[in-house]
Amino acid sequence: MSTPVITASALTKTYGDFTAVDGIDFEVAPGESFGLLGPNGAGKSTTMRMVGAVSTRTSGSLSILGLDPNNHGPDIRSQLGVVPQQDNLDQELRVRDNLLVYGRYFGLPRAVVAERADALLEFAQLTDRKKAKVDDLSGGMKRRLTIARALINEPRILLLDEPTTGLDPQARHILWDRLFRLKEQGTTLVLTTHYMDEAEQLCDRLVVVDKGRIMAEGSPASLIREYSSREVLEVRFGSDKNAEAAERMAGVGERLEVLPDRILVYSENGEAALEAVTHLGLEPITSLVRRSSLEDVFLRLTGRSLIE
Amino acid sequence: MSAASLPAAATTAEVALQPRRSALYAGNTGAVIHRGLLATRSTNYLVVLSGFFEPVFYLLSLGIGFGALVGTVQTSTGQEVPYAAFIAPALLAVSAMNGAVYDSTWNVFFKLNYSKLYQGMLTTSLGPLDVALGEIFLALLRGAMYALGFMVIMQAFGLNLAWTALLALPAVLLIAFGFASLGMAITSYMKTFQQIEWVTFIMLPMFLFSATFYQITVYPEAIQWVIQALPLWHGVELVRGLTTGALSPMMFVHVGYYLVMIAIGVVFTTSRLRALFLK
Amino acid sequence: MTALDQTQRPDAARAIAAGAAPRRWGSWYIAEHRIRAMKGYAGDAIFQSLGNPLIYLFALGVGLASLVPQGVGDVTYLQFVAPALMATAAMTVTANETSYPVMMGFKWNPIFFGMNASPITGAQIVNGMMIHIALRVIVTVSIYFGVIVLFGAVPSSWGWLAIGAATLTGMAIGVVIATYTSTITEDRGQMAMLQRFGITPLFLFSGTFFPLEQLPIFLQPIGWVSPLWHGTELGRVATYGLDEPVWLTVTHVGYLATLFVVGLWATRKHFTKRLNK
């Protein structure tokens, strides 16, 4: 692996007594697409802010592009594009002006900024709204503008904190496509998401974090191999009968996961597992056999109701 | 405004459940007032209390500091009174105006556009008129408390020159109601904070010129006419007449002025409620 | 913590090169942004900064002055009150710009966080805002000065120095307010408190409408610590040669300058701390 662009070791952030990020280690290679998954409050955004050089770590070490954010915040940020979890566009400015002033913060010449702003408006499909007030945009449009703004300095590293939350499917695919292309051009992507399909699509490698710690790390495929079976059987008995059915199903498949509305049976062979269930005299209302996905990994690693 | 213009969201069953629910009014102003009182209780008492200090500061500064340069002045009815007794009733009227205007413009605007308080209220069965009336009521309640406090101060400084000063209290509420009802209608046209600043800007000359600190006779007749057409002058003259005990038939004109203003304000605001709250 | 900076690495060197311009000019980029944001209401702002002096001078210089025909000291009441109004106008502009806008920038329109995600630092955000505010104040005060000259309220030919005095006053008050507003995380009516217990008493008890000595002795200390009083007296020295000892004039300047420096330092500290969550 070539020299990493981001190196974190024993990275920790505490707020008073509370430890939001608890000694995590990871590296991100140039041009890689790296994902952070984890439940609400896991510490993803906090990690992103530290990587974004706007939040001072409590301890551990962190190096971005070979520089320590404590000493080189502005230099590091000059190479970053940031899409924060919550939009922080300037609502007093119009759409295009938001891009213009933001470009200026990087010390880019006005002409360059203007040219990029128009291209980015096109990309964000906001060209016809460029004179609109930010406040008057829909939630998804604001999100697109925030993403466009993050690209104004042609960043080496793009930090995306739940970038597609609130986007419609079409805008989402356009963004994915754009991110692929940026990646091809060598941009490093670091993203968090709660959409497992997005993580599978976009990430070369990801970590699952929970309570400030890394629970697992690897490519989507290897994580699925490691933490889940090949297939999954989903059965429903109706919400009040699931628990009872699950008890009787103990031993079917490799592992069971009882969710409020259904039971997941992890097995190399889903059809065989279904046969085993009906053999027990249970009659699920619905049943479905599918391939394992990241969602299963996520549930396994962070879910509460695990029955091994 | 007809009910037919409403989106047909309410099913007949709902209507039956809430017989009093109409397009703009659910007859539940009490809930808004209750919320307002709770909010006051859980926020800062000092803030609420601070409103009382503003006119007191003015009285101390101008009445005492500047008053020392001036001595006594003549009121419009020819009475010779100490400067502090001259401006105290005016300050009472002005603070009623300021409080009412602040509550019906800045405050309403802020809750509408920033804290999104009203959005939350209006997703319930409350109608915009409930909210508007509730806010006006709260503004008046605050205004009454301040006025009462200030009158106690006036009494302590010996600035209430007649028993009729007691009537200044209802007069102040009349003034506050007039400004609050009109203020909300005006807020419905506002889009930005800068526009609200215009309201403040326009109130400034009214505050300074309406016989607050000196007789309007220093101005040419034409300007005097303009001042007398504006509401604050009527308020100042009314309250001053009551606290100095100089009753005159003109007072009926002043009161009438405010009654008309309130009538216009209420009708105007009601007609603008949709624009204000249901954007 | 030892920094393991590898500044020789090509991408690190590139970052440092790209960071150079924002490090040097960042404050000006912010000022530019704030000015651009004014585009929507620049007309109103100018109109108001012209309208305000006219109204106040007409009301106080003509109306209130009629109650004080003898004037104050050796000058007419209008001449006495004009420099005070000018300093007050400066205070009003800076107080407006450093109260809600600062709170908004952290909360309802959290642009400061956006700015800080770019190479711009918290200190530069403060600097940039102050540059913008200073420009606004200078324009406002200059217009004010022009109007009071027309009213014949500036007998001294050194009167234009009052523009500097008023600007310094406004900025000193502005940074002090920003020091406070940059720490507000929850809106509990602090702005109203600031207005009622800060700005209004300053306006009323700073020797604005009458010499400070007219006040009972227990109220006079408000004036001594009030930057507005120092600024107003300074303005009076400039516009009509108010007779005061040199040490006092020096104190006015020193007091205001100190407030400004300390306030700016503290505001920058608060911004940096708050942006670094």
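So that you can tell them apart, the chains are marked A, B and C in the order they are listed, and the count of residues begins at 1 in each.
In this section, contacts are C-beta pairs under 8 Å (C-beta built on N, C-alpha and C of every residue); 3 or more make two chains touch, one makes a residue touch a chain.
Computed from a predicted structure; not experimentally measured.
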What topology does the chain contact graph adopt: line, ring, star, complete, or other? line
Applying the document's contact definition, name the chain pair with more C-beta pairs in contact, B-C or A-C. A-C
Taking the mean of each chain's Cα atoms, which chain ends up nearest the overall Cα mean? C
Expressed in whole Å, how far the mean CA point of chain A lies from that of chain B is 52
Starting from the mean Cα coordinates of chain B and chain C, work out the distance between those two points in Å. 30
Counting only Cα atoms for the centres, state how far chain A is from chain C in Å. 45
Multi-partner residues of chain C (each touching 2 or more other chains): 40
With touch defined as at the start, can you tell me which chain A residues reach chain C in the complex? 3, 5, 30, 49, 52, 54-56, 59, 61, 63, 65-68, 70-80, 82, 84, 86, 88-93, 97, 100-102, 104-107, 149, 153, 156
Would you mind writing out the residues of chain C in touch with chain B in their complex? 40-41, 44, 48, 51-52, 55-56, 59-60, 62-64, 66-68, 72, 100, 108, 187-190, 192-193, 196-197, 200-201, 204-205, 209-210, 214-216, 219
Quick one: which bits of chain B touch chain C in the complex? Just the residue numbers, please. 43-44, 46-47, 50-51, 53-54, 57-58, 60-62, 64-66, 68-70, 73, 83, 114-115, 192-194, 197-198, 201, 204-205, 208-209, 213-214, 218-219
Write out the stretch or stretches of chain C touching chain A in their complex. 1, 3-7, 9, 11-12, 14-16, 18-23, 25-26, 29-30, 32-33, 36-37, 40, 109-111, 113-121, 275-277
